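So that you can tell them apart, the chains are marked A, B, C and D in the order they are listed, and the count of residues begins at 1 in each.
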Amino acid sequence: MTAIKAESRRPADETLGEALRSHGISRRGFLKFCATTASLMALPPAMIPVVASALEKARRPSVIWLSFQECTGCTESLTRSHATTIESLIFDHISLDYHHTLQAASGTAAEAAREAAMRDNHGQYLLIVDGSIPLGNPGYSTIAGVSNLDMLRETAEGAAGIIAIGTCAAYGGLPHAAPNPTGAVSVSEIITDKPIVNVPGCPPIPVVITGVLTHFLTFGTLPELDSIGRPMAFYGQNIHDRCYRRSFYDRGLFAETFDDEGARKGWCLYKLGCKGPVTYNACATTKWNNGTSFPIESGHPCLGCSEPDFWDMGGFYRTLSMPTGHFSTALGYGVAIGAAAGLASALLGRSERDKARSAHEKVSVDDLDKGGSS
Amino acid sequence: MTQPSLEKGVNILREQIDGPVAAFFSSCVHCGMCAEACLFYTETGDPKYTPIHKLEPMRRLWEREFTFAGRIKKWLGLAPPISDEELEQWQPVVYDSCTLCGRCSMVCPVGNDITYMIRRMREGMAASGNAPQGLIGATTRAVKLGSPMGVKLATLEAQARHVKISTGLDVPFDEEGAEYMVVLSSMEVVNYPEYLEAITRIFHEAGKRWTISTEAFEATNSGIQIGVSDIAAELVGRIVAAAEKLQVKTVITPECGHAYTALRWEGPNLIGRPFLFKVRHILEVLDDLREQGLLQTSGMENDRITFHDPCQLVRRGGVVDPPRNLLNMVSNNFVEMEDHGTMNWCCGAGGGVSANEAADEIRLKAFKRKKAQLESLEVETLVTACANCRIQLEEGIEENEMEIPVVGITEMLAAHLVEHPSSDEGEQP
Amino acid sequence: MSKIDSDKVLRQALHALVPEQQRLLGTRLVKNVLPLTDDERVQRIIETAEKADVSDDELAEAYKLGRMAVVESRTRCGADCNWEDQAAHFVARAATAVVAPPGKCKAPDPPWQAVMSCRMARDCAILAADDGSENTEAEAQYDIAENFLNTPNSAAGDNHE
Amino acid sequence: MSGAEFLLWMRGPGISFAALFFIAGVVLRLIEILMLGRTKNLAELRGSGSTAGMRTIATRFLPADANTFRRSLPTIVLGYLFHIGLFVVIFLLTPHIKLFQSVFHIGWPGLPTPVVDFFTVVALVSMLGLLWRRVSNRLLRFLSTGEDYLSWAVTFMPLLTGYLSYHHLLLPYSWMLGIHILSVALLLVIFPFTKLMHSFTLFIARYYNGAIAGEKGVQQ
C-alpha cells in the first residue's frame, strides 16, 4: 500500500533507481516498465534507455496535490491497486508534500507543510489538482478556511507546472454539469500563466497519471498536448477506433437493450448510448485494474468521461446521433409555425389571384395587336 | 377598342397560377432532360429552347407573388417585376419554338407538365400584346369569319356538291336529332377535300345519321393556340350552341390534333359547364364502328407504312389505340416508328407554329427529327390523322427531297371501304 | 361510245383506259383549268404530259416538279386563304396526279384525284371572283372526256367499250 | 469552445433550431402549393385522375423509355447514383436511423457501415460528376443559376463531412461530427427555399401531371 507515511524515512536525495531497487524491483522489471511507458507515450524504442537512465537518476521532485470539489475517486484510482505496481512505486517516490487525503498531518500542520514546500521549491514544484473550483460562492468549498480559488491561485503562483487530474479539474466535471449550482470551473479557466496538463477521466487511468509524471521526470518538461490540454500520448486515440467491438459496429450488429441477445453476444453498444466515437482516452488499449478490462468490455457503453461536459451529452444511454434537447418539440413548433405562415401566405396568394380574376377584362381579338391595327 | 398592355398580361398571368403550376416550378432541378425531349432543342442544340426555360417570366411572377421567400425578395428589391421587353423577348421561345407537343412533360423526372404551363403562359403573352402576328391574324379570322383560314360556308357547300356528284350521297346539313354532328378543320375544306367524301361514304355504309351545322362547322380553335381563353370559349361556344340546337348525341372532331383538345378536353372547362353531348375524334368513332362491325373493309395495303402520332390527339388527347386498330385493318405491313404513341416526336408545326410565319425557318429545322425517324424506318407511305401534321410532313419531305407520300387515315380506310349497293344506286366500280 | 353524263360513267371510262390514255385524258382535263394558274412549272408538266412519246424519266421529272409546286402553293394551317393561289394549288395537284408514275400517287384513285382537283380549282376561282357563279366543271369534264373517247386518234388505245 | 461543447450545441439547440426552420419551411411551402388548388375538370373524363396521379408518382422514378434514357444518359446515371447513395446514407446508416427513431419512434435495420461508406463515396463522386457536367455542358451551364450551385454545395457538405468524420480525417471526431451536424443544419435551413424542395413537391408535381394526363386517358 502506498502512502506518504514513509516520507520522513526516505532521504530526499535518494534517486528513483535506488528506491526501486531497495523495494526489490529488478532491473529487468524496471526496464520493462520503462519500455511500456515509452510505448504508451509513443516514444521510439531508442528512447527506452534514455527514459530508464533519466528515471534512475531522477531526484524526487516536490509535488503539492490540491483537492477541491472532488470525490476522491481520482486518488482512489491511483491508490486502489490490488498489488504493488511499479507505477504506484513511482508515485511513492515523488515527494508528495501535500495531499490532504493521504498525508498524516492535519490542520495547521498540514497547511504548514504546503507552505514549506511552496517556499523551499518555489518555481520548481509540481502542482496536481483534482476537483473543480466553485466561483459561485467561495464558501461552497474551503480548506482550512481558505477558498479553493484563493488556494489555487496562491499555490499555482510558484509551481513549475500544473497537472489537472480528473475531469473535474480539467474541464469542470460533475460539479460543472448543468445547471452547475456552484459555478464550478476547471483549473485552466483560472490559471492562465502556467503550463497545465489535463489528465481527464472519471477517474483517469492510473498509468496515465504516472505516465505524465514519468515524462516530467524523464524530460523535465510537460508532454505534448492536444487542443484541450491532454497529453497526446494517452489521449490521441479514439475509443471507438480501438474498441474490440468495432467490427460489430461495422457489420451493423448492435445490442438494443442490456439484456438482449446482442448484449450477450458482445455486440456494439452504440445504440445504448456509447460515447466511444467522441471519446479520446487510453481505456481500450491500457485498460483498467491492471489491464483487466475497460467499461465496454464489461458490457457498458463508454460514458465519454475524459471529454468536457460528458455529463451533459444528452444522457449516458442516449444514442450519440440522437439530438439532445427538445428536438421533437422544435419539430412540433415548426409544423405549427409553418402551417400558420403557409396559410397566411397561401391566402395572400389566393386573394391576389382572386383580385386578378375579378379584374379580368375580357380579351377579344381586337385586343391582341400591340400596334393597335387589325 | 382596347389595347393590349403589360398590366393586362400580368394580371391574366396571375390568374393562371394554380396548384400544378406552383408544384411544377417548385420541383424543377434544372436537369435539362426536358431539352433532350424537345425537338427544337435537339435539332438546333440551342439551350434557349429548353422547355422549362421558356417559362422563366411566369416562374418569376409565381415566385414573386405566390411564395413567401419571393415576397421577401420582392420587398428587398431583389425580384424585379416582369417587363414588356422581357415578354417580347420571350415571344420566339413561347410561340415559334413550342408546338405544345407535350413530350417534355412525359420525360420530366420530377413530373412537371411543362406544356400545361406554356399553354397558360401564352394567356399572359397574348393579353400583353406579345403574340405573333400570324396567330393574331388566324385568331381574328376565326372569330370574325368563322375560320382561321377564311373558309366560308359557300366553300363547304361547294365541296358537298362535289361529294354528291362524285358519290351520289348527300352531305346532310342542319339535320336535327342526328346521332353525329361533324365539325371540320379549315384545312380539310381548303386542302384535303377527300376527307369529307370519305366520312360521307363511311357513315352511309354504317347507317349512321349525321349532320354538319351551317352555323358551326369549323372545328379548329385558334384561341387555345394563341392562348386566349376568352376567345377559345367563344369559338367552343359556337359548336356547343349548334350541337345543342341540333340535339345531336356526339360531336365528331376531324383529323386535326388541337381541335380535339380544344373541344374534348378544354371545351367544357372553357365554357364552365359539362357538355350535353359527347365529343369524339373521328378515329375513335371509326374504331367504335369497326368494333361493332359497321366498318367493313376489303383488301390490304402492301406498302410498308407507318403512323405519325399527332401530339394533341395521342400524347395530349389519349387516342392511342384507335389509329393502330384501324391501320391494321387495311395494312399488313404497318410498322411503328422508334418513338411512337405517347412518346412520338412532333412534326414541328403544331400549337400554332404553322400559322406563325416567324417560325417558318425553325419549323423546318425541327422537321429534321421526323426525317431521321422516317429514314431509319424506310417506309413507303406515311399515315397520319391531322391535317396540320400532314401539311408539315409533306412540306418537310419535299424540302428534304425525300419521296414518301402522306395520307390521312380516314381517306385510306375509305379507299378500302366495302360499299353495299343501295336501292337507288347502281353498282359501284 | 355511250354518252358521259355522270361521275360513275366518267370514272368507269377513265379506269378502262390504259395508263398512257389516262394520262392524255387527264392532261386535257387539267388544260381546262390551266388558266387558273400562272405557275410555269405546271405549264411545263402539262407540256410533258401531252407528249405522246414521253419517257418514264421525263414523267418522273415532271412528277417531282409537280410535287414541289403542290407543296409550295398550298395554304398552311391557320393562314389566310387566298383563293386564287389555292386554285393554282389544285391545278398543280391535278397536273401532278396526271403524271404520277404508277404507285407514286397515294390517292386511292389517282386519275380520279385529277378530276376532283380540277373541280376544286374551279371552286376556288369562283370563290376568289366572288360572283356567285355556278361550278360547271363537272359537266365540262364530261364533254372533254366524251370528245376524247370519241376521237379515234386520241382514244386509239385499249378501249374496251 | 471544445469539440465536445460544439458537438453538444449542434446536437442540441443547433439542430433543433434548424429542424424547426426546416419543418416550418416545408409545411409553409406545401400549404402554399396545395392551397392554390386545381380547378375541377368539367370534361367527360376517360379515366380516374387520382389513380393515374398515384401511378405517375411511381412510374416517374424510371425514365419514360429507353430512348429517353439514352438521350440523357449521364444525367440519369449520375442522378440515380447520387440519389441512391444519398438515400442509403440518410436512411440506412444506423446512427441516422436512431435519429429518425428518436423523432418518429419507428426504427428499421441499417446496413453495415462499410456498405454505407461505399455509397457515400458513390454519392460524393457522382455529385462531383454532376457538378462537372453543370459547368462543362453547354445546356446545363445555360440553365444553371446560383441556386443550383448553392443547393449542390449544401448537399455535398453533409456527405463530405459525414465521410470525414466517419474516417476520423482532418479534425478530431467531435469537431467533425459537430461540423457534420452543422452542415446538415445548413442544408435544413436552406432546403425549403430552394429547388431542394423537389424532394417533397415532386410527389405533388407527378400527381398533378399524372392526373391531368390520366383524366384524358393517357397512361404514363
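Methods note: a residue touches a chain if its C-beta (ideal position, glycine included) is under 8 Å from a C-beta of that chain, and two chains touch if they have at least 3 such contacts.
From a predicted model like this one, the values you see are computed outputs, not experimental measurements.
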Steps needed, at minimum, to go from chain C to chain D via contacts: 2
Of all other chains, the one whose Cα centre sits farthest from chain B: A
Innermost chain, where centres are averages of C-alpha coordinates: D
Comparison of B-D and B-C (more C-beta pairs in contact): B-D
Separation of mean Cα positions, chain C and chain B [Å, integer]: 32
Euclidean distance of C-alpha centroids - chain B vs chain D, Å: 38
Inter-centroid spacing, chain B versus chain A (mean Cα positions, whole Å): 76
Distance between chain centroids, defined by C-alpha means - chain A, chain C (Å): 104
Residues of chain A engaged with two or more neighbouring chains: 341-342, 345, 349, 353
Touching two or more other chains - residues of chain D: 28-29, 32, 34-36
Pairwise chain contacts under the document criterion: A-B, A-D, B-C, B-D
Touching residues on chain D, where the partner in the complex is chain B: 28-29, 32-39, 41-44, 46, 56-57, 60, 63-65, 67-68, 71-72, 75-76, 79, 137-140, 142-145, 148, 193, 195, 197-198, 201-202, 204-210, 212-213, 216-220
Chain B partner contacts - residues on chain C that touch it in the complex: 6-8, 11-12, 15, 67-68, 70-71, 74-81, 86, 89, 104-109, 112, 116, 119-120, 123, 126-127, 135, 138
Residues on chain D engaged by chain A in the complex (per definition of touch): 2-5, 7-8, 11-13, 15-17, 19-32, 34-36, 94-96, 98-99, 101-103, 109-114, 168, 172-174, 177
Chain B residues within the chain A interface of the complex: 1-4, 8, 11-12, 14-15, 17, 65-68, 71, 126-127, 129-131, 133, 136, 139-140, 143-144, 226, 228, 230-231
Of all residues in chain A, those that touch chain B in their complex: 341-342, 345, 348-349, 352-353, 356-357, 359-370, 372, 374
